Amino acid sequence: MAHLNISGLGKNFGKLEVLKNLNLDVRDLELVAVLGASGAGKSTLLRLIAGFEKPSSGTIELAGKQISSSTKIVSPEKRSIGIVPQDAALFPHLTVGQNIGFGLGALSQGQRSSRVSELLELVELTDFEDVRPEKLSGGQAQRVALARALAPKPEIILLDEPFSALDAELRARLRLDVKAILKAEGATAVLVTHDQEEALSLADRVAVLRNGEVVQVGSPTEIYNSPADVGIATFLGDSVLIDGKVVNGKLETALGLLTPLNSVTEGKSGLVAIRGENFYLQPNPKGEGEVVGQVFFGHDAVVEVLTRGVKIRARSNGPFAPEVGMKVTVWVRGAVNFYPA
Amino acid sequence: MRKPPAILVFLGVCAALLALVPIGYLGLRLVEGFDKAVAEILRFRTLELLGNTFLLVVSVSLGALVLGFIQAWLTTRSNIFLAPVFAVIATLPLAIPSYVLALGYISVFPNFSGFFASWLVLTLATSPFVFLAVSAALVRVDTASEEVARTLGLGRLAVLRKITWPQVRPAATASVLLVALYTLSEFGAIALLRYDTFTRAIYNAYRGSFDRTSAAALAVVLVLITLVVIWFERRYRGDYLENRPALGKRLRVDIGGLRFVAAALLVTVGVFSVFLPVFSLISWSIEGLGVIDFIIVINALWASVSLAVLAGLLIGVFATALAIWNVRYRSKWSEFFEGASWATHAIPAVVVGLALVFFGANVTPWIYQTTVMLLIAYLILFLPNALAAIATPIAQVSRNLEEVSQSLGTPANRTIMKVVLPIAWPGILAGMALASLAVLKELPATLLLRPTEINTLATRLWSATEDLAYSSAAPYALMLVIIAGLPALALNARARKALSEVKG
Amino acid sequence: MFKKALGALVVASSALALIGCSVQDSPLEKSEITVYAGRSEALVQPLIEQFQQDTGISVKVRYAGSAELAAQLLEEGNNSPADVFFAQDAGALGAVAKAGLMVQMPAEILGMVPSSYSAADGSWVGVSGRVRVFNYNPERVSSVPDSVFDLAAPEWQGRVAIAPTNASFQAFITAMRVTEGNERTAAWLLAMKTNAVIYEKNSAILEAVESGAVDAGLINHYYWFARGKEVGFANMNSRIGQFRAKDLGNLINAAGVGIIADSTAARSFVEFLLSETGQKYFVEETSEYPLIDGVSAGIDLTPLDQVPAPEIDLSDLDDLEATLKLIRDAGLI
């Protein structure tokens, strides 16, 4: 049975329909990432789960009990749901230790103290118990916010783009730490983000949110390798779309005959989505492709090639990427996705 | 919309109902003689006085705004020397009742009178309101956006107008509202300076002909003007901004050689607003040293201070409740009740006093002429002073914090106690200090409603000046200024703490 | 049968009359009274303390302005805690009397002072007199004008101060109206609009003349004396003088007392003010005129008989209303 069950959830703000018919299950101990562009309704979803907004339609169930419906909601303080907001939102008038212990009012002094120490150790901030929030760095503040949310052992934790305010290197490190902390605490979590890397690297499952609906749910590899439609395909990763037709079970395209990944209907025309990493560029003075552009990222590069009337973007090793002007032969490795028109 | 906790609604409604007692009284009086009342209002002289009032209110509001803003900007944002000292000087006029300020001038310049004199005295007396509010807001301004604007080609003045001012606007307009309403109801100082305004018509009506109907009619006009002024202020103020974390270091603007000019300006203002009146008070006091009865002085001091502290606490509680209700759980009702508590702010204190005399003697005689009634009068008179100072800090507490607290199991009501109030506490204290200051200086309502044995520094001061015994009046005035100086300095310390966040 | 009923009726009504009489003859006994005093505490409190010592009746005094106290009494209505109203101006006393809040002053008390200094309807009695005087700066004004009407002349433009909102000025105008007629009064007021500098009260006028801000002014006599006592008569810059005998500018006025809640204690208080002790106090401490026989005025003051006694009832509000209208029409208020 799902730990968190959202079914048919809809939310309108006046005439604006932010969420419609949203369905999502989160299993116990799972970390689900809700991935969507800005404005797709991610924060609204979190606020609905936390109980700060009332649904216009649909229901939310947590641990078998209904907590939200369009007619009745359980108040936030009774839900046992922890939140880690985007900007940490630590209580400025309390120390780190007091922040973490805020939700532990039901415990005795001794129990609270030891739980706080436990969490401080978990987030690697043991010496910071009496420090005031204004003295913390961004990363440290986020850890404290996480510890605070975990302290009362909630049924589920909601994280709202928790790394967006941090710089890139810190982000990468903190992500892994957060995943480890959540696992160590045995927490179930929902994390909303617009950052694909974040969603794919952290989550057990990813739900793609588009225009107020969940359009696909699956493991990161499933989502990435088999996006359900063109929109998702182009949203995730860097895809090139070219025309194709199903002929004898294969895809006939300008780049040759390609193997379809998903099941296809014979004779259909449509779009073929090829990821940058599917391409292999073989330097060949007589090749049909010419490199027309390159963006160098250090460890890898994106190479633009014009071949057979189609412009493609290929991923390549950084130091060994073909230069502009070189001639190459373009190969497509692996199977690709086909979307009928 | 979330429902507000019952205690907030209860306190807010109580405060508003009390504030409406004077209006009820006015309505009662009006009903007794409506035609006569209308005739009184439409007299040419009345309209002439209304014109004088309008002129004075607008000019003092502008004057206080400009002066307060300049002082605030120079002390918080520029690299002027001795900024903390100038900040103290800018706050001190709060400790001096405007009639004492006027007396101080008259004793040095006997011919000092008329429109210009009234404008000068009132501007100097009210600019601290603007100074305090704008200082607090300026410290929170995002300087990074100002610097970006400079790179985009805006000169300094344009940055001030287009980037800085909009962020300071809510605080500035709220304080200018206080200035305007204060000027509307002010009588003592401008009577001394012999400039007749609308309040003169009210005083003449009940004093000359003991005609309370006409007096009430005129007071109603003031109430209507108040409502109009408030309406404008609400429209113009803009929304309170939430407190964003510092996005960049706050550096002081280098104004180069202008520092000397600016310093000279601030010193001049300080001389006129503080040193001159205090000096004249001190010299009068020295003359009067031989005549003082110290027991009477101590009694008056004790009465003044205890009333001010009690009233400050009472007003603080009600103002905080009303502010939280209106900022956090805003609804049509909360706005109505908040507005109602402002409605009587421009009514001269003597009319509020008389309304409570009527109400007290005839409806609730058991509290008539007791400290309780006096405290109620102070609540009605000065709740708006505190409201203005308290609403902003409460609005600036981020909603996120409240939601996190709720997610951790603390219900909404307790969240207010555990999260919102502690964070907004310095602002609440400031509001109480402002209210206490006003109570210390209050005269007409205190004279009417005090228990017969109780005299405050202000009432003692008044009776001494009635006797023309300036040398025995001066010590009371001096003591009043010193005592009132304490909350004034406390208010300034808050501004200075904010100043210390500014680097450079 | 008829006769019996009639007889019973006569007996009953006489009994009632007797009871009524006895209420009159022996009013409520009280050991503490509350006085609303529109006078200076510094000047008057010692006298009240003397009263407490002499009679053992304790007095709670509420000091404020006469007009404010009158307004307060009017608002309090029948529920006022006050027993006695001691005021500086007849208008204030009259307003309270007109509202029916004053008890008829006993005849024997009224008889202690000449009737012109008390209310015509006997609601309040005058206890001390004050005189309108011409206050002037001797360096700028060589001699006191003959008559107050001379002040209307162009040579006085900007040189004379008046306080049109002040009760004694208004009483003076009422007297002028009654004796000289509305037209002449209105003309004089209009001239004042051109010539006079307006002040809020008598004390402000005295200040102005003392400091040289204005050459002369019309005030009540005791202000000048009070100031002289404080700073020393030799240090005074201004002088006071009076217009020719019986000129309207020399108008005498009275401070008075009315009883709000009748009791022997209240009556004792009034009687004390009118006793030799009380009257002598007014002469010596406040430099006012005594109103009873047997006490003479201070040596510096013009004897009462040279000052015209007004034929008007100072407390008649209708008169005051008409006066105010004239003052307003002249644009002075």
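A, B and C are the chain letters, set down in written order, and residue numbers restart from 1 in every chain.
Keep this in mind: a contact is a pair of C-beta atoms (placed from the backbone, for glycine too) under 8 Å apart; a residue touches a chain by one contact, two chains touch by 3 or more.
Since the model is a prediction, treat every value here as computed from it, not as a measurement.
The touch graph of the protein chains shown is a line.
The central chain here, found by comparing per-chain C-alpha centres with the mean of all protein C-alpha atoms, is B. Across all inter-chain contacts, the pair with the most C-beta pairs is B-C.
Inter-chain centre distance (chain A to chain B, centres taken as mean C-alpha positions): 53 Å.
Chain B and chain C, compared by their mean Cα positions, are separated by 38 Å. Chain C has its Cα centroid 90 Å from the Cα centroid of chain A. Multi-chain contact residues of chain C, defined as those touching 2 or more other chains: none present. Residues 43, 45, 106, 110-111, 191-192, 194, 203-204, 206-210, 212, 350, 354, 357-358, 361-362, 365, 368-369, 444, 447-448, 452-453, 463-464, 466-469, 471-472 of chain B are the ones that touch chain C when the two sit in their complex. Interface residues of chain C facing chain B in the complex, by the touch rule stated above, are 34, 40-43, 60-65, 67-68, 70-72, 74-77, 79-81, 91-92, 95, 165, 170, 198-200, 203-204, 206-208, 211-213, 223, 226-227, 230, 317, 320-321, 324, 328, 331, 333. Within the complex formed with chain A, the residues of chain B that make contact are 245, 398, 400-401, 403-412, 418-419, 422-423. On the chain A side of its complex with chain B, the touching residues are 50-52, 75-83, 85, 87, 89, 91-93, 102-103, 105-106, 145, 148-149, 151-152, 154.
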